[in-house]
Amino acid sequence: MSTLMNYTYQSFNFRGRKRLRPFYDLIYSIAGEEYGHIEVVSYAINLLLTGTTKRGFDPEPGPLKKATDARNSRHFIASGQASFPMDSMRDWWTGQNVFSSGNLKLDLLHNFFLECAARANKMRAYEMVTDPTAREMVGYLLVRGGVHVVAYARALEQLTGVAVTKLVPVPDLSNKAFPETRKYESSGLHRILYTFSQNDYQQVGSIFNGPHPEDGQPLEVIFGSPEGVPAPDLEEEPQLNAPGSDGIDPDMFAAAAAKMGIKF
Amino acid sequence: MSTLMNYTYQSFNFRGRKRLRPFYDLIYSIAGEEYGHIEVVSYAINLLLTGTTKRGFDPEPGPLKKATDARNSRHFIASGQASFPMDSMRDWWTGQNVFSSGNLKLDLLHNFFLECAARANKMRAYEMVTDPTAREMVGYLLVRGGVHVVAYARALEQLTGVAVTKLVPVPDLSNKAFPETRKYESSGLHRILYTFSQNDYQQVGSIFNGPHPEDGQPLEVIFGSPEGVPAPDLEEEPQLNAPGSDGIDPDMFAAAAAKMGIKF
Amino acid sequence: MSTLMNYTYQSFNFRGRKRLRPFYDLIYSIAGEEYGHIEVVSYAINLLLTGTTKRGFDPEPGPLKKATDARNSRHFIASGQASFPMDSMRDWWTGQNVFSSGNLKLDLLHNFFLECAARANKMRAYEMVTDPTAREMVGYLLVRGGVHVVAYARALEQLTGVAVTKLVPVPDLSNKAFPETRKYESSGLHRILYTFSQNDYQQVGSIFNGPHPEDGQPLEVIFGSPEGVPAPDLEEEPQLNAPGSDGIDPDMFAAAAAKMGIKF
Amino acid sequence: MSTLMNYTYQSFNFRGRKRLRPFYDLIYSIAGEEYGHIEVVSYAINLLLTGTTKRGFDPEPGPLKKATDARNSRHFIASGQASFPMDSMRDWWTGQNVFSSGNLKLDLLHNFFLECAARANKMRAYEMVTDPTAREMVGYLLVRGGVHVVAYARALEQLTGVAVTKLVPVPDLSNKAFPETRKYESSGLHRILYTFSQNDYQQVGSIFNGPHPEDGQPLEVIFGSPEGVPAPDLEEEPQLNAPGSDGIDPDMFAAAAAKMGIKF
Amino acid sequence: MSTLMNYTYQSFNFRGRKRLRPFYDLIYSIAGEEYGHIEVVSYAINLLLTGTTKRGFDPEPGPLKKATDARNSRHFIASGQASFPMDSMRDWWTGQNVFSSGNLKLDLLHNFFLECAARANKMRAYEMVTDPTAREMVGYLLVRGGVHVVAYARALEQLTGVAVTKLVPVPDLSNKAFPETRKYESSGLHRILYTFSQNDYQQVGSIFNGPHPEDGQPLEVIFGSPEGVPAPDLEEEPQLNAPGSDGIDPDMFAAAAAKMGIKF
Amino acid sequence: MSTLMNYTYQSFNFRGRKRLRPFYDLIYSIAGEEYGHIEVVSYAINLLLTGTTKRGFDPEPGPLKKATDARNSRHFIASGQASFPMDSMRDWWTGQNVFSSGNLKLDLLHNFFLECAARANKMRAYEMVTDPTAREMVGYLLVRGGVHVVAYARALEQLTGVAVTKLVPVPDLSNKAFPETRKYESSGLHRILYTFSQNDYQQVGSIFNGPHPEDGQPLEVIFGSPEGVPAPDLEEEPQLNAPGSDGIDPDMFAAAAAKMGIKF
């Protein structure tokens, strides 16, 4: 959420974007990817929570008993075993996390720091879990977040001439120490920036170029989005009445639609 | 922010979406539009703030003096005369505003209430301002938010058989009392739902159909997005060093890009 | 707390109460009952916490050792094993939870939603616990909260002509699925609204009438309060110095009072 | 809110109330009065806000224009020119303000401090306003809050033998410096504690007795409530749609009620 | 943090300090000691967290696995197994905890209450733990906090003539019930106030004098600081990259410094 | 507060300080100065607020009337026209502002960003005010904060070999554009780091050395503190009862002290 909302508001608030177009394109492109990341994290949480309590319609046996041992019982009380915009200590995300000074050098410095700090969090989260789904997700985010680290470092370099990419990685341990990152790196995902649009953000390549600071491979811009993966169909949890509405017959919609001439 | 994040997380968290596909499509489609609405609001704020202090590089004359009279001095201290995810009393948006119980009937009831409450806020905000830009934006949002009110009312009707659309409008005053809404209504914008995708969310039409509860015109689904308007290029505010970096020559990028074979 | 404070402030803030007296009477009557509910919940918490640590005056054996395993250690650090206005994830209640737009239709819609959302919470809390005291309390609150759901649905019906009571129950599972509710329902507690005053709020019956939406029995208003139950005398917890003051002799007060002619 | 909720939760949480009954009775009695005080403050705010914007149904002239100059625009956006549980800098009340350690001496010390701090706030609020309604309310609250100061001081005296009442007044300036307090003091309101019940809290007199620390008149307990004042009927504010529902005919209710045999 | 920041801001904000110098000196002296106390608490936390996860550079075995069972996982995600300004339920400290009314009697009454409330917390924290390091720290803080209780009681006595020290101890249980306090008390640490300066705060002795209210020994002021204890050198935690920077050779600094003529 | 508490907790939490001693010394030295800065800011606020309302003991004329026009009425309600740990929009400081990852490179990067962001705030605050006292304070803080910017940049340079000091200044406008900074710069205050201790933190010079990035003058370490300025004696504000206690005779203390043999 923090990276998403920082870059989204910095894009909205970007003054003088004609003169400094490549920087605007860079921030907007990364904002685009961050939306996908809150989706990925949300689905990972939802899949990890699916099936964790006893399924059934009858409340009497206490199907949610195990929830009293959960770190965060909100997943069971306030949602249908699903995600919220809150952190692992269940503090809610807040707009106070958005930094948008309007000064380009300062905003880029902030973003570079923010991505490094997020990277430290991911590294430690990885070390806390051994579940393969969770590690897969963290591994993927380390690789893609690593691209954002490099992108902001490159932007500072272009703006100031200081070799900021040489600070990478922060913390010092390389992504290569995390086995799940390797297949993503070998397919080049650690050196490609997507613009999430075919026609906009064309100038991002004048910043995101040159060798990757860790392995020297060429940084590359792809105009458009990576190939998507269909969102999983989350199973129902009847003990939580999620989604409930058990009398609804999906064919009913089809029939009604047909009558109205709506294509299904 | 609240409508955007409610529908976004409800979509991510939607269990049993195969069986209840039209409802999922509806919530996801509206989430798509809400992203556009935070952008619209942000640009309206940014344009209203543009040029409100004395421009110039020299701090000595106190170019930001007027900011000490501003309701919200954060626009001048913490941003470059621009927007943040906070409310008009400058409280930060928080994830606590997200309701996502996982029970479809309850979530739809929440969303119907939320859109009505947001509508009341817009009506009162309209009455507080006479600036035409601000009123234009509020008029537009009243029309489009009105579509969301009807959409959630229709969803509850489909799910329960209760004539929820007959509660509309809440509060009782019609959008037609706000002159700026008229041109949007006459072009049909008050009865069209967009899916923001050509191929997904095809089943939304089995819910969003029938006559509009206020004027009886047919509700309609358009698969895709409304035609966009280019984002304004916000002028620089040098007294805030927004964006600063005055030594940067945009041609430099073009030249550098040309050398690397990057198309501008 | 949220239901209590919403209805309390909506009552204080009710404009035009002469013209719309029955609605005012309804909201005020329900506010009255909600005060009793925070009392019931508080006593349930206090009784569940009574005796959960080793009693005694000596700190050396570490009588509160078990508290480090508690979900919420505030009960042991900040109170004498007792309640606070906070939720089950120990977030404090805040006035931000009060919705009071002043528009009657919108406030009633909010209240109907709020009671349904509170009902979902209760249902899930029930499924988390098997302790009979806790379940008894939740069963009772489901029945009485169910009355409030129907009351606000009836109010919306009266105001708009839309059959809102037909949305009940939200979520779909009936209170009858919870065994503890049955004895309360068979004594009629699910269809009686109390006014908590013999003489005020006389017009509430023009709203709260007709058949109960689930079992068709007649809705009924009782002017006054239900028969109370004496509050339990909570045992002392000396290891928490709660209440301490061990040198105080209750007879001292009686003697002193006698001298002053105070009746005990 | 803070005094109300502190004493309410301290009462619910009071352990060993048989042994220490007079202290329980005292805290519960004062909690009872504090409920009346939030009502008084709420009505004072609502009356001060009544009629402060231009009345009418038409939004076009911008009837709420003046609200943009208000310290707290929430009264106009989020309520119908009415009150919320928030402070004068519009921060929401939160449960974190409740102190309830369970140790009697400590809780009484807290309450004594809290009443003195509230008194300082009232004194300064008085000095900020010259509106007679506002000053009347503050004058009344200074007198009644002064009773609570003395009550907690007396309780500490009884418990410990230390002459805590001799600390009164805190701050040093006497209530007598505020002209509006005089008529209340001459009717004895500064030395009477109400129990808000005919039959309960009978032992409070063994604490609340003796001479008032400032003027030496006898402290007195009245079993029951002071004579009430009817709540004002707040005028409608149509420009805020508060309460709206203009098509409702009050006679309709009477007719409907008559048919059902309901007495109006 | 709360005691530190209360006394620090009360010192900064103290009006009329010439006339009331001894009170100013007292508050400033205690503020000085509180800084040392946040340091002591921080080091105790850091030492207790040192070595609690498996050390090593390799993330693959999941060295932080145990952190998912921790009450507060922030120590492992957000810090290098170290402290933050938050409470035991991991709520952040906030400036809202500072009371600084500017009225001396009221501020002293607050401080006396605050120290008693902090004392109750310490007593309960002691009863929750049996670890000797933790108990040693709590024992020490009970003794030194006890000095602050007496100091503020004496200040109120001097200001008002009321025998406030006779309220001590609050809660009633004496520090002598906690074995770890005894060696500190026998060395007189429960009756000595330090000024943390040789030359300032000379007038504090006109308040802090007379017999200690519990054992009658003479209260004493020492102008200056107690003898310090060197801060522990916290071991590295490589699995948290704390501090990382493994390529840094400490001799490098020495060599570089030597060249620049810097003394090591 | 944020800079103070960040560096204070990073110092307490610093692991491996033997190996990385110069960095520890640097962070601790800067923490020492930040304590002085909250003092300076507090006194500036207090002096600006002194005498801003009508002085006198009588509440009747409403001496605090002007406070209802103040941006932040807390200075008048909650303090004696004095400071609190809150920001210019009166949000309270919170521990959430502390970043202390334990990874040295990341913490230094944070601190460098934090100082640059604080610098941008100061520059904008300067442009908002023309009062000479306020500008003098901001000018001084710009110079000293500029030293901290350079110190963290140098630390990152030493740790990584990247020329981080070349990023300075962020934002681009130099301190030299603010006239009040000039006399401080000409006395060298922009290139001197104090350790606030004669004997500790001896190794800071191995980091803080070389030419200043803006004017090339040599960076210098002074072991000890800058010469202090006596704190102002804030005048009394009787209308706020700050400090009150008007019956206290300062000679009383002297006499009492003399009897006890206490030197004044």
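Letters A, B, C, D, E and F mark the chains as written, and numbering starts fresh at 1 in each.
As a working rule, a residue touches a chain if its C-beta (ideal position, glycine included) is under 8 Å from a C-beta of that chain, and two chains touch if they have at least 3 such contacts.
Quantities reported herein were computed from a predicted structural model and do not represent experimental measurements.
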| item | value |
| --- | --- |
| Same-interface partner of B-D, chosen from the options A-B, D-E or D-F, over half of the pairs matching | D-F |
| Rigid-body rotation angle, chain F and chain B, from Cα fit (steps of 5°) | 120 |
| Cα-centroid distance, chain E relative to chain F, in whole angstrom | 22 |
| Centre-of-Cα separation between chain F and chain A, whole angstrom | 38 |
| Overlap residues in chain C, where contacts from two or more other chains coincide | 78, 101, 103, 105, 120, 171-172, 240-241, 244-245 |
| Touch-based graph of the chains, sorted into line, ring, star, complete or other | other |
| Chain-to-chain touches, reported pairwise for every pair that qualifies | A-B, A-C, A-E, A-F, B-C, B-D, B-F, C-D, C-E, D-E, D-F, E-F |
| Interface residues, chain F side, partner chain B - complex | 71, 88-89, 120-121, 123-130, 171-173, 177-179 |
| Sites on chain E touched by chain D in the complex | 99, 101, 103, 105-106, 109-110, 112-113, 116-117, 120, 156, 160-164, 166-167, 170-172 |
| Complex contact set, residues of chain C against chain D | 1, 5, 8-9, 12-22, 38-39, 42-43, 46, 78-86, 92-96, 98, 100-105, 159, 202-203, 205-207, 209, 233-237, 240-245, 248, 250, 253-254, 256-257, 260, 262-264 |
| Contacting residues of chain E [partner chain A, same complex] | 57-60, 62-65, 67-68, 72-74, 76-78, 90, 239-241, 244-247 |
